[in-house]
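Think of it as A, B, C and D in the order they're written, each chain with its own count starting at 1.
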Amino acid sequence: MGFEVKAMTDHDVTTPIDDLEAVEPDVRRPGSDPGPAACCVPVSRPPGYLDNKQAHLRRLRRIEGQTRGLQRMIENDEYCIDVLTQISAVTSALKSVSLLLLEEHLNHCVAHAVQNGGEEADAKLAEANAAIARLLRS
Amino acid sequence: MGFEVKAMTDHDVTTPIDDLEAVEPDVRRPGSDPGPAACCVPVSRPPGYLDNKQAHLRRLRRIEGQTRGLQRMIENDEYCIDVLTQISAVTSALKSVSLLLLEEHLNHCVAHAVQNGGEEADAKLAEANAAIARLLRS
Amino acid sequence: MGFEVKAMTDHDVTTPIDDLEAVEPDVRRPGSDPGPAACCVPVSRPPGYLDNKQAHLRRLRRIEGQTRGLQRMIENDEYCIDVLTQISAVTSALKSVSLLLLEEHLNHCVAHAVQNGGEEADAKLAEANAAIARLLRS
Amino acid sequence: MGFEVKAMTDHDVTTPIDDLEAVEPDVRRPGSDPGPAACCVPVSRPPGYLDNKQAHLRRLRRIEGQTRGLQRMIENDEYCIDVLTQISAVTSALKSVSLLLLEEHLNHCVAHAVQNGGEEADAKLAEANAAIARLLRS
């Protein structure tokens, strides 16, 4: 599938990133005790997206390539509508990454805090809700 | 506060619903033990939005009035751009309601399930993540 | 086709409004001379959505019914996630209406002004662009 | 958290792109006759965004830098919520670019086609409406 980085040039901007579902699932079970190293605060502990880190980096490298492709389209005076179509594709790809990161954050960081309870649980829930509102309004 | 229903006619479609923050906060503390009646599954238990039920109903009645106002605008052949502006206002109001409902759901239903752990926790987290994705794509 | 108003109760909130494409197309040809009565300014002239007025009213009545259905769901303490799913459906339906109105506005009102040229053309284009930005950010 | 503005490299991912309004305005007057070289079809003619080409390239280079900053955040195991905040910023920046490109396309390419009339006008309007729908749904 199209995540072969070596076969991907910057110019390959039109391939849709619809294969996010095909990525290997998170091996940690959400909601179950994520263990001492699985919560993303304090910073010395790994973040919720740890198990999918390489997959996220591949996606972001691809998105970076798409933004370079957009610059090349503008430099080459390509047609406005084609540029707009490509921007829609990049926006959708970013949205997919944000949904995956948010899911991992809820399943690990927030779930871990809620299991421990107390003020940390309240704070993590409030923070996640604020992030969801920002995503919905961006 | 602009939620005086009696003073609100259907035609009052242009007043922005920006006062959602002014609504009385949820009295239940998120993340803390919501007690036996505070989780929204099974159906016999009250939903996460219980404490703010009347506020949500006021908001939705107002949105219903806005949709009637939209029909009146179309019937009266009002200017396209004015209709579009009003649709943007209704969409924003719906988005605000959905963010409030989602927040209460995470703080109560999901938090409760996560504290109990097991498969129910996993299911509630997966369900919430799917709902967030639907909101972001609607 | 789900637009039979007589067969539609308020409770029919879950039926998707995906049949917008099935609506009869605008009979006026976009871009061609819309004639003296086809531009939406001044107000004494009919708006760009004139030919589809009844279809828009049917859609908005349906959306109004959906907002009443939402209130009934909240009154009945229905499950948060089901309410959120329904809000996503209403938001999508409103987005479809706004895209149709915008299309008619561009095809008739803006096109007419551009054909006439001058400051009115500039003003109509600027106004349409502002409306698109509002839609994209609502 | 490496957000020192004075050390602004690609890593400076949090600076908001709010300066879009400050960019020099398009010197061509929308709606007025854009002249023989101002329509974006056929390809041998410059696109609608020609006058702002350098400004768009600057914005896209900045967005490319932001996507590299995102990768660095993931590589450094930075906090999920901080990554999500940054993704919201990139999405908003892309949305701003798309609105500017769309505006220039309507003001030049579409306006030019509409002034010429005929099937080309219809085609350009239909194409623009489809692009707006894609943006609103991405």
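To be clear about the criterion, contacts are C-beta pairs under 8 Å (C-beta built on N, C-alpha and C of every residue); 3 or more make two chains touch, one makes a residue touch a chain.
None of the values given here were measured: they were computed from a predicted structure.
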Chain C and chain D share contacts with none
Would you mind checking which chain's C-alpha centre is most distant from the centre of chain C?
-> A
In whole angstrom, the CA-centroid distance of chain B from chain C equals 22
Chain A-chain C separation of Cα centroids, rounded to whole Å = 33
Please report how many Å separate the Cα centroid of chain A from that of chain B, as a whole number.
-> 26
Rounded to the nearest Å, the gap between Cα centres of chain A and chain D is 22
Residue numbers in chain A touching two or more further chains are 95, 98, 102, 128, 135, 137
Chain contact topology (line, ring, star, complete or other) = ring
Each pair of chains that touches is included here, namely A-B, A-D, B-C, C-D
In the complex, the residues of chain B that touch chain C are 40-41, 43, 46-50, 53, 56-57, 60-61, 63-64, 67-68, 70-71, 74-75, 77-81, 83-85, 87-92, 94-95, 97-98, 101-102, 104-105, 109, 127-128, 131, 134-135, 137-138
Residues of chain D that touch chain C when the two form their complex = 29-33, 95, 98-99, 102-103, 106-107, 110-111, 113-115, 117-118, 121-122, 124-126, 128-129, 132-133, 135-137
